[in-house]
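Here the chain labels run A, B, C and D in written order, and each chain numbers its own residues starting at 1.
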């Protein structure tokens, strides 16, 4: 069990409108994705193809920033405004999809991109799943 | 002139689809708002009415996280995916509006809330203005 | 295997002065600790004893900020300046020790504090271990 | 007057051990420096010399992360543990000095590096000044 799950289970006041399971899954997925993207950006920057990988580095960094903010907002319970969370999850879905596509396009050459694409796809799905429970 | 403006003016490759003036205004406003919200949260937490101000503290912290991430994403040029920026600006508009309303509701009693509400309204407008140039 | 570990193993240029095992352990521990502290702050804020738990909330938030920054800096390889990393790890050790002590002092009453104290102690040790390999 | 200053002046409980003036100066300088470094990293990445500027990009990103965390920790009042703040300010001094030196070394060629070096030097000094009042 992750710290996200363990702590939310002991939290005195989690937003009733959100199911705990997809909420915890989204927190874990955004944290993993932020970390995968930070390291992928660093690996892309350090390698020989840095000039070609610039869009990948920028998208990695954007994805890391948005996912890290999303994890923080989701972990802060109860949530006072679901409209904000919905918009933030939409941003997460958008950036994860773009970052996954970018990383997939050179996954054959760069193992860090292959792994990062996987984390982005999982995070995209977790954000979609949580959004699905909010309508 | 702020560092945001000065540096973007020397940047070799700013997204052509974005006008520099509303872009710099949005960066400055999100940075100011993040700082106003962080300090307002701290002031609300330290005062006598902490139990009543809990929704204000949570909204301040969410607004600070989202605005800080938005400032970073907007400062990273060129922007590779306008859809992500659009969704993130929508989240910024949403959280700034809620935070402004919350802070305005006790601005008469807490000067830090009055000032923070002002920063949130200015940021909400700056995000709307930039969104307006992107359609 | 965490994404931190997987990606660093595929990174083209990790600082030679750092052993991969304690480096990955420190990255994982700072990420876990940041998440534990964010949720503990939220739980402390939401509960009945909020007025008494204010130092715990502030220390949780400081620990989350410092650990999140440390995870990012450690994940960005190669590291160009070990003196900065050393100072940042010292800050991590300091804030984790204070946050652990604070949380331990009411671990009997608040399960989220007990779990958070555990994450802080583990992170304090991981930062010390990495510092130990750097001298 | 910045939002940092305005809000701290309305804060009900600022740490007595810290003078407000160097505290506010350090908050403002770390915020400016974080923003300068984020944009400088983006400009270095976008330009023709990206391969040569990799150490500059990495140091910019580290400086942005550490300064942003420092601004947040300093803005959260009262401060419960001065030892943590001292260690964090030491990390700020270290990373600002390195980043300034790095940016100065190619300031003649890149205007964004010249401006960023200036922000780093000012921040290094503001952190030193605040440290000087804490002993």
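In this section, contacts are C-beta pairs under 8 Å (C-beta built on N, C-alpha and C of every residue); 3 or more make two chains touch, one makes a residue touch a chain.
Since this is a predicted model, take the numbers as computed values, not measurements.
Peer 1: Counting C-beta pairs in contact, does B-D beat A-D or the other way around?
Peer 2: Spelling it out, more C-beta pairs touch across B-D than across the other pair.
Peer 1: In angstrom, rounded to a whole number, how far apart do the mean CA points of chain B and chain D lie?
Peer 2: Chain centres of chain B and chain D, defined by C-alpha means, are spaced 20 Å apart.
Peer 1: Measuring centre to centre with CA averages, how many angstrom lie between chain A and chain D?
Peer 2: Distance between chain centres, rounded to whole Å: 27 Å.
Peer 1: So which stretches of chain B touch two or more other chains?
Peer 2: 42, 46, 58, 68, 72, 76, 78 - these are the residues of chain B that touch more than one other chain.
Peer 1: Should the pattern of chain-chain touching be classed as line, ring, star, complete or other?
Peer 2: Shape of the chain contacts: complete, all pairs touching.
Peer 1: Along chain C, where are the residues that touch chain A in the complex?
Peer 2: Of all residues in chain C, those touching chain A are 2-4, 6-8, 10-13, 27, 31-32, 35-36, 38-40, 42-43, 46-48, 68, 71-72, 75-78, 110-112, 115-116, 119.
Peer 1: Note which residues of chain A are touching chain D in the complex, please.
Peer 2: So the residues of chain A in touch with chain D come to 42, 45-46, 50-51, 54, 57-58.
Peer 1: State the interface residues of chain A toward chain B in the complex, per the touch definition above.
Peer 2: Result: residues 55, 58-59, 61-62, 65-66, 68-69, 72-73, 76, 78-81, 83-84, 87-88, 90-91, 93-95, 98, 102 of chain A touch chain B.
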